[in-house]
Amino acid sequence: PSVPGQSGSPSAQQAAPASADRLTIGTTADVVNYNPLVGNSRTDSWVTSLMYPHLMQMDEAGKRTPYLATEWSYAEDGKSATVKLRDDMKWSDGKPVTADDVVFAITAVQKEQFGVVAGLITALDKAEAVSPTEVRFTLTRPDGTFLDNVGFWLPIVPKHVFEKAPSVQKFANDKDWVSAGPFKLTKVERGQRYIMERVDDFGPGKPTVKEVVFRVFPDVNTEVLALRNGEIDLIGNVLPPATAAELKNDPKVKLQQIPSLGWAHLQYNTKRKPLDDVRVRQALAHAVDYEAIRNIALKGFAKSSNSSVLTPTLPDWTDPTSKEYAFDPEQSKKLLAEAGQTGLKLGMIYDQADPNIARWAPMVRDSAKKAGITIELQGLERNTYLDKTAKRDFDIYAGSWAIMDNPPANLGLAFKTGGFINYAQVEDPKLDALIDKAQRALTVDEARGPIQEAARIIHDQVYDNVLYVETFNIAYSAKWTGFKPMPSELLSILNPLSLASAKPAG
Amino acid sequence: MSEPPALEIRGLHVTFTVQGREIPAVRGVDLTIERGQTLALLGESGSGKSVTAKAVMGLLDQPNARVRCESARLGGRDLLAMDAEQLRALRGSAMTLVFQDALSALNPVLSIGDQIGELFRVHRGLSRKEARARSIEMLDLVGIPAAAKRIDDYPHQFSGGMRQRILVAMAVALEPDLIIADEPTTALDVTVQAQILELIDRLRRELGTAVLLITHDLGVAAEVSDRIAVMYAGRIVERGEVGELYERPAHPYTEALLAAVPDLDSPASELRAIPGAPPSPAEVPPGCSFAPRCARASEVCGRTRPPLTVLRAGSDRYVACHHAEEMLDGALT
Amino acid sequence: MRFIGLRLARGLLTLWFAVTVTFFLVRLLPGDPVLAVADPNMTEELRRKLLADFGLDKPLAAQYVDYLGQLLHGNLGMSFRQSVPVTTVLMERLPWTLILTGSAMVVTIALGIPLGVLAATRAKGWLDRVIQLTGVTAQSLFVPSVGIFLMYVLGVWLGWFPIGGAVDLDATGIAATVSMVHHLVLPCLSLVLIQLGGYVLTMRTTLIEALGEDYVSLARAKGVRPGTVVWKHALRNALLPTTTIAGLQLGTLVGGAVLTETIYAYPGIGRAIYEAVGQLDFPVLQGAFVLLAAAVVVANLITDVAYGILDPRVRTT
Amino acid sequence: MTAIAAELTPRRRTWSSFRRNPLGMASAAVLLLMLLIAIFAPLIAPFPEGYGPDTSQPPSAAHWFGTDDIGQDVFAQVVWGTRVSMAVGASASVLAIGIGLLIGVSAAYFRRLDTPLGVLVDLSLSLPVLPLMILVAALAGPSVRTLAVVIALFSWPEVARVVRSQALAIVPMPFVSAAKVVGGSSWWIVRKHLLPGVVPVVGVSVVLTTSRAVLSEAGLSFLGLGDPNSWSWGTILHKAQQSGALASAWWTTLFPSLAILLLVLSTTLLSVAYNDARNHRSDT
Amino acid sequence: MALSPDAAPTRTSEQESEPVLRAVNLHKTYRGGLLSRGGAVRAVSGVDLDLYPGETLGIVGESGCGKSTLARMLVGLERPDEGEVTFRGRPFFTRGGVPRDIRRRVQMVFQDPLTSLNPRMTVHDIVAEPLRVHRLAPNSRAMRERVAELLTLVGLSPDRMSRFPHEFSGGQRQRIGIARALATEPDVIVCDEPVSALDMSVQAQVVNLFAELQRTLGVALVFIAHDLAVVRHVSHRVGVMYLGRMAELGTAAEVYSAPAHPYTMALLSAAPVPKLALRGRKRIMLAGDPPSPVAPPPGCRFHTRCWKATDRCGQVEPAFEEVDGHFAACHYAERPA
């Protein structure tokens, strides 16, 4: 980390011990949108989540923990929910963060229908401020996923600033920021860096670091060089497995491992022949060398989820009875023969820019070849890929979900008939009913039964073929310590509470 | 003549190496020009006239050219004893060359004033302003109207005749001892040609400069030169005073050349062409180079090369032919 | 005068053509700009609203007419993604790009011409061979490979240069300039490397040709010093093709150098374009293309003027 | 000069002067070798696919160029990459030259077409490569053929310029007038006189366009716009970059980079040598 | 090629009265291109001429006076701005270009023998080009035979037909060009300075060849040159051009021995002659440079350099008047009494 006024040679920087003056973080993209309600990119969130608090954070097991909210609960009938807020958070212009701000944020989203949150609050009737520190949500139906969703996903914005814009969604919020996180954004040099200053009276505790700087790099490779060169202290992005394996031995670098909240998977378009035949899908599931993908493509930085959509990251939900499909080309061939398929030829789309998938996609192709299945790789440019996915224009879809933090809510989106990310186009009434039931349940214990049942159907029907859950590696300079890891790349150690507690080592 | 000749060259050889093969373009040329005299160098295309001129000027320093010379004196100065820098100082001041193609010889991107003035600045050390003034004088001298106005014009803004005159202006600017004019008028029509020749001739008369005039045109040679040298395949085959040489050529090649010229007075006759083609400079036959095309060639011509010898003791006629005497006799009868 | 007018007309035609082609081209890009801006999980109404906001709901022809109209007023529109004017987006990046590509061009020319002259005057000698070979080799380098090599060796191993970026955070005043140059060295070096060969080789070839011209012989016959013969007489004539290359390059300056900017994390416009493609930010893309086309047109004009200065035969007055 | 020229045809003269240029000959040899490698790739190494236990191994006797992070042999990748890189280079340049020839010659011969074609060339030079590449790749799928077409689309203007300038020098030649006088149609003249006349320049152009195409292909593949089903040198580099092993597993980047360098270098040197050989003025 | 001296050209009196090629009031102005500075060049302005079968019409004049432009119009390479060229009464320039059969009948021999032959084509291909274009040979054998015949006709050995033009000497190259012009059996051959690039001795060969071809084939020739002696040698009639106009036109003998136009006189006096007897003879030195064809002087174009010029010459353009078949455009033409 460079000391103010001393921008000398990098080697000098390397020798100097870390000071609490500045923490430099490498990121790979500019902030595109400072409006946290609209911005949806990971790199944007790294900056905006330091400025706009959420109601809750998440612990390593995916459980919600307090942040702006201190307590939360549902009413008995499940038709309303209340959230209590801490009273010591202030906007940077001195005004306190109150229930009004929370109500404003959720109402704006409800009204203007934008961002991730809009799809998660369909059960909301209205939100109201009971007191400056208490919000009540009235729901149209019982929804046990509501508080988790709102708590984790909804950024709270200053009402008195945002309400001035005719449309919250079109509010660029690109200067004179009023924020309430541990750091406030003070200077932006697009394409280069974002400078944030410590907020001394940050409710959960005064951060140690005086200044956080995000520096923009084109890719992880350069970030790694810069980290090794002492120019940055922390890489925001997850390291590619090969890099992580190599950096393990670097004494100047520390790796933090965090689980992913999502999973990597293959989805088969059940509306296309012959993929509508479950035997064909099973044959395909048997034709993937899961072990090899985890060990070779991910260098072992991945866990098996036993082909279940209930991943080990969320231990509250996992189903210990689930078994991973065996890599068994003979079995595949048998299944294909039963289904009357010979010379099966399928295309597989994926995002060419995703390094992990780009690496294992050929492995999927090559192992399928052993079962007599030809898979033609269609590594696409990102927008083309998104377009094809949205249009469900593929045979096999290879991809990954970043954050599946709440199974009842997420499975609904992914597998219910007409679900918005139901890429496989599953239409299974039994599955729909099970998921509905789980969503209405107000506690995990209540929801677990139907969700595990649903997951078993997804497994057996191969509505989703889960390959692995990645173990993310986050690299930071050994000169630092005190980070609080959270799951997923979005939070990792780059979250408000973690950065607020980071300090120089030794 | 007590004064040394303006130019005296003995035994000039120039050999080019092209793709590992030697091409002797000039093989033993002697030239002497007295002050105030004009020597016309005639000869077939490719016989080595331009190469001779460039060798004399010391311009053949490219890696593939080898120049040998027994002696080379410019008005008494020994050119062979000089180093490159001294030679450079002579070029442009003591000896000058008028190039054949006036458009390509003038630098298209420099103004005329710059190009003429350069001479004064390089050799006389004049200032930019003085050089400019002298350049205007020179343009006036060669008859460019409104010289002061045109001094900053560029070559393409002048007509062909004017460009050629500008080249002449450069050649005479520093009153050299020797002007070599390499086909200075071939690109011009007769009226302009006449003007240029007149100009060179006037300067020769007035300044006493020696002129080596290279030309194809026998008419031009006849009009302005005092003496003539005829080249064939890299050698001088005949040399002499212009009148004598035209009246009584002593070399069959000279004779053939003269005969090929159409005659304004007797248009009806057929033109007499020389049969065959000149030998390739790389493979000249052992004997007389002209023998294969010569009507008079005898057996000896194919074997031994006739040296350039004086025709009659005391005279100024030199010829390289075994049959020179016969020729003259034939002409007499 | 008439000539300038015609050139200008032709430039405008080119510009219009470029605007038109890129307008439709951009809109042919696969994917949905709305998807790239908002969460994919949106309602149909929202989608329609966004489309209307972006002006994407009208027929293409109407969008095109609107765009041209705005363009005539110097208005490049608002970025879909960043909700700020396109001009702002581009102008943030343009200076950096110009610093990088411009300095690379200046260095390349300043090195390329003397090296070319050196090679030409020693044609076929060993120095010529060395210069040629170096030029050609440098020209054949693959930018990312060189970039990584340079950064690894000069940046990480030797620690001489910073990795990526354009200027240090804390530097102000002179220190900022020093830091800027410090950051500029590696990306500029790799750009110079790959461009140098073109200049050296062109310069060499044309100068050899010029040195064989009659006017060079005449200059020598006039007794002009060898150095003057080369630098005054031959070089100016040989500069025209080099001017052409430089002119072509001039036009591409504002386009940045995508690969180089990417590798060295330089905040240039090339990367901005690359990112805008990824984000389907039509107005930014479109604006960048207008800028590119305008630069090409202007560069053409400049080249013509340069021709006129170098070669009186082309002069128009 | 005439007397000497008469002894050797220009072609033979060019050849004999070319033969004495060691760099030119070496380049030709390297190109030939690469061509052979491309043609006989299946005999040299098996198609790099699958995965193996030896991941990220440095070069050894078993794996000359080491292995990549999923255990594939880098040597095999480079060998097969030669095929694609050369094929893209060659086909893109053939296409570019075809278009460039047509447009360049037309612009030079048909005076009326000159201005519109000039505008077209200016336009093409100012068009951005990347979006177009993405566009074509999306519409046609990222394949080797697409790459070749796109690269050609961006290379022809330069060829057209060169061809036009050369053709402009031929159009006023008396032999063109002579062909007109004997009754040759425009098409006849273009075919019999202009095209053969510009071919020598185009020869150099081919080589330069090829090398530029190879670099473009590598660049596009490096940006992730290549064909995932085949190996090219750019693809190898792209994968190395994606795996984050660019700096550590040096063999995954060095060898493909060297291959690119070698191919581009030898094609460029070849064209320089050819140019020199053709320029008889600088003969020694 | 033995040719008895008495076969030299003298125009016979039993000439056909119908001209084979006729040019009426030809004008050609070159407009400046985009880059040219000055205005339009008036290369040819108002030239009339008739060419009769079997005759040679020589044309002389200083460089840039429009000779080549005239020649190009006579063979249809250039379309006149005004005026018309007719071949046996049929107009040359129709809407669809020059009719192919007229193209066949009127051929040209170019000034520079090397550049007018495509260096990439063999001699056979060059000479065969007109045969191919006009489909005059049924097959390649016939074509070869015809080419061989043509080459023999111009005195070249047919067994060298697969060589390239640069492998021939200047005179031989010019013969190749002539062979090409003869391939279509034309009635007219326009020769634009066919010998000025050649050596004296080679020039002699080519001039002799023309004379013989005309005698044996009876073609009509337009022979443009600036060497007065050569023109005198080959022509029946001679035209003298000055600045885009015809100054004088008459039989060779008359023009040379009794020039009527002052410009012709100056030209004849300036021509260098390899005769020492004439050395130092009085030349008529013309004052000044030729005027620019961009802005030709008003009145008589020659008046700016003419020693006989009066005020009238600067105002009134002299008519191109005939006296006994001898035309001259001068107010003060010297006519034999």
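Which chain is which? They are A, B, C, D and E, in the order written, and residues in each are numbered from 1.
Note that in this section contacts are C-beta pairs under 8 Å (C-beta built on N, C-alpha and C of every residue); 3 or more make two chains touch, one makes a residue touch a chain.
All figures in this text were calculated on a predicted structure; none of them were measured in a lab.
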item: Contact-graph distance - origin chain B, target chain E; value: 1
item: Between A-C and B-C, the pair with more C-beta contacts; value: A-C
item: For chain A paired with chain C, centre-to-centre distance based on mean C-alpha positions, whole Å; value: 39
item: Inter-chain centre distance, chain A versus chain D - centres from mean C-alpha coordinates, in Å; value: 44
item: Intercentroid distance (Cα basis), chain E paired with chain D, Å; value: 49
item: Whole-Å gap between the CA centroids of chain A and chain B; value: 90
item: Sites on chain B at which at least two other chains make contact; value: 45, 63
item: Of all residues in chain E, the ones touching two or more other chains; value: 170
item: Overlap residues in chain C, where contacts from two or more other chains coincide; value: 29-30, 124, 148, 152, 156, 262
item: For the chain A and chain D complex, residues of the former touching the latter; value: 219-221, 224-225, 239-243, 246, 292, 296-297, 299, 352-353, 355, 358-359, 361-363, 365-366, 376-381, 383-384
item: Residues of chain D touching chain A in the complex; value: 49-53, 55-56, 69-71, 134, 137-138, 141-142, 224-225, 228-229, 239, 241-249
item: Chain D residues touching chain E - in the complex, by the definition given at the top; value: 2, 5-6, 9-10, 173-175, 177-185, 188, 192-193, 196-197
item: Chain B to chain E touching residues, read off their complex; value: 44-45, 145, 159-162, 187-195, 197-198, 216-223, 242-243, 246-247, 256-258, 260-264, 267-274, 277
item: Residue ranges of chain C in contact with chain A within the complex; value: 29-32, 35-43, 45-46, 53, 81-84, 92-93, 96, 148, 151-152, 155-156, 159-171, 175, 179, 261-268, 271-272, 275, 278-280
